[in-house]
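Sharing a structure below in structure tokens format, with a few things to ask.
Just so it is clear, A, B, C and D label the chains in written order, and each chain counts residues from 1 on its own.
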């Protein structure tokens, strides 16, 4: 029986969602680890794009910020920030975007802006950054988040970026380029949108239960008919993560 | 008595209109020669910009096209065409634009598009290129043209770029960034706009007459009260033009 | 699957009759070899878009490839008129759609950035906007002033010649960069012709120089001297005498026919064309080196 | 007249109380030394605009320089919250105006290109647009679909740190180029801080590398290590431990006061600051070279 931390579980399951050749708009932290893991396993031709304007990065060390110099040295291309959002993301050249946030609601909408009222926030969060556009224009989006009730409310306090709005039909009517969130990877399992755009539990991680998932979700979580079980992190995946990608365990240590 | 050709006369008088430090949107041919002459005489800090996206060119040989490689080697900066029109010209970073055309009318409007009807042209000319925007957005414009009646009609067949439209007030109402054509240098003299924006004769070149100017203008040309006489091309100006800038006399030979 | 094609295969596979083609390059890096290959393959009804049609489109129109041109300056750059395109327009044989340079390039910018249109400040000139209904006005919602807009241009195929790229098509250009990047990003398919295919370590040694990423490229064609009689900065000079001669050649249909027979149909590919130009021309167009200073990216 | 100023003189002359300042740089090349000088000169009521306020604006807000921030991501990059800006906003002491990254950068793009606004495709998220009336909608005049627009941002002063420039301010940057060019072109006044002032022949050896032309620059300040704790690609590394420490420092007003007293008010200039950091830090931030391949522009 292999031991692993919650961030390791999230990262490995996120990596498995990526396809070879995908062009991915990456954030630092777990998405960066997931992409680099995928590149070293099943997706060697993955192209990593960073909102700072770096295209095709090959970081030699673990990047500690979204603009880490290791992303630049040895990259394929560097362009300005306007260009990376306009020529790459808005133009439809990004296959996958990774998102996270303080709140993710039943229809995959994300809040990264405020808890409470906008003008008099209880908690002022960092704000959109690039996530408003990534959620709208990347062909598919994946969300990574610890599974906690406060993080999965019925409705977000503030809609920083669009999931399926109030229904898949509403997103379709908005004619956004991207297809919206395709999966939410949590430390309990995987949520995916049904025909209406509602997130339902489609997979459980080893030793996790439907009850745990329900108890940690802020709406009445529905369970897919064909609920799957994710494959446990393999020795090889864990070895790459621990020995090559984050040997100091900056992002991979447990306890979140 | 110094001898000179008509293109030499035009070039030298155009050069004299430039001020030290001017940022000039340059075309090939006479405007390019005029700028390089000004740089070698009274305006050493002139900055030459070409619509191809070259900033601060220092051509080592006579450029034979608007995108000649000699403009690039040793230039200050090179940017894309969108950028040179947007960040430089539209933004208001260009002091002077040079213009020419098949027709220039009484209010300094220019036709570089068609003689006759647009859909069934008698003569199809090259078209605007950058002149539509240069005429509107360069802080000041200068026009260089041989003085012939067919080139100076009362009204252009097609308004490719704006002078003062039908009156200076009309241009002011359009709130364009630039102040419009400030002078038209011909081989007879210099025309400048009066308060209404109408081009009137403000200077004659040596040995030229008011009668010649009137006879070669398609509207009833008015003469400034304080009609000036331009200084004849100097030996120094001619020497720089002939020996340094266009020794093969590609642009400077007479007969136009 | 490799993206490396002989130019003839890339044209055969990616350029269809009726396509809207943007062969990029403002004076610099004009992909003449690709145009000649399109002529040899007898493509028809193309819509040929370029800010400056240049001799390349004059030749393609002469060869009967085009039904329409989209342009902003229709001249023989530095010489005078573009005789064939002009004559066909005057004769009513060729459709055309016309912009100013900024209008044309703004259309590409919109296409390249995924916008439906691009705004521009008014120029007040007016007449071209009257004649081309693609120019529209909208109102600035902040101060209520009119703004001119042009719609996105999205070519079916962009053809872009570059100094160097790697096997994936990650491409670096220097010198005049015109509208190469915009054309590539705006287009549905991208064909890169290149003076050299280099190891990706060379591209990665200077990522700020890379203008087109390989993942938007469909075909990479190694075509040295592709741009003649245009030029490639640092590789060979512009053949100005050719531009002057074309002004003569293009005065008669017969001499154009002869030119195409000898220099387009009469050669197999660009290699044969270049050899046929002969050593004197090669010598005349040679360029002595002038190198950039290196910069340090740092090893992180 | 020379444009070369000591940084303190440039700030004294070009930065006024109440100005809208854009200190450029996305993670890379953040001009910390200039911000510290603004703090030392006790500027007030500034509007501080940056996509990512970063520690620099946290410090400037702590020092009482600002009345408002304009931003799109208010975090300590890679660490977490930007505590002081956040606390001041939560306490109602600081005005703010908020965009997404693309909205913010589109505002600069409009300012830099002389347009009144910039269009963007809709994102359907909605809430930020409701809260910030600078977001407006217009209708695409071609197909009738809504388009989102933001107005031009035109800073009074842009401060841009660069790797190298000449005496006129012709500036070259490599690595992450963020919004440096846009900030410089959008602003009324431009202050360049630079790691090195080089002969213009070095700039002219590689014109495609030049991002900002000298003629839009008002002041050139030679300030090595200006960007610490941010970094300059190829010159020194990002001081990540400083970013981590700031997360602690910024937890209490007292420790922030102490920090400013020691590291901002307590030093004369960046040289003194850098010396004070000490050799261990210098050593830790050193970068081993990784050079670009030269290219050939050709001598024409």
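Everything below uses one rule, namely that a residue touches a chain if its C-beta (ideal position, glycine included) is under 8 Å from a C-beta of that chain, and two chains touch if they have at least 3 such contacts.
It should be emphasised that the depicted structure is a prediction, and the values quoted were computed from it without experimental measurement.
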Going only between touching chains, how few steps reach chain B from chain A? 2
Of the pairs A-C and A-D, which shows more C-beta pairs in contact? A-D
Would you kindly say which chain has the C-alpha centre located farthest from the C-alpha centre of chain C? A
Quick one: chain B and chain D, Cα centre-to-centre, how many Å? 40
Return the distance between the CA-based centres of chain B and chain C, expressed in whole Å. 28
Counting only residues that touch at least 2 other chains, which ones in chain C make the list? 114-115, 120-121, 145, 174-175, 177, 181, 208, 233, 237, 287, 290, 297-300
Listing for chain B: what residues touch at least two other chains? 54, 68-69, 72-74, 78, 86, 90, 137, 177
Once the touch criterion is applied, which pairs of chains come out as touching? A-C, A-D, B-C, B-D, C-D
Contact residues on chain D for chain B in the complex? 112-115, 170, 181, 185, 200, 203-204, 207-208, 210-211, 213-216, 297-300
So in the complex, which bits of chain C are touching chain B? 26-28, 51-52, 71-75, 77-78, 81-82, 86, 89-90, 92, 98-103, 105-106, 108-109, 120-128, 131, 145, 174-182, 231, 233, 237-238, 240, 243, 287, 290
Sort out for me which residues of chain C touch chain D in the complex. 114-121, 136-143, 145, 147, 149, 151, 163, 172, 174-175, 177, 202, 205-206, 208-209, 233-235, 237, 287-300
Seen from chain B, its contact residues with chain C in the complex are 28-29, 51-54, 64-69, 71-74, 78-82, 85-86, 89-90, 109, 113, 118-121, 123-124, 126-133, 135-137, 158-162, 165, 171, 174-177
Contacts from chain A onto chain C in the complex sit at residues 21, 23, 47, 54-56, 58, 60-61, 68-70, 72-78, 86-87, 90-93, 137, 177
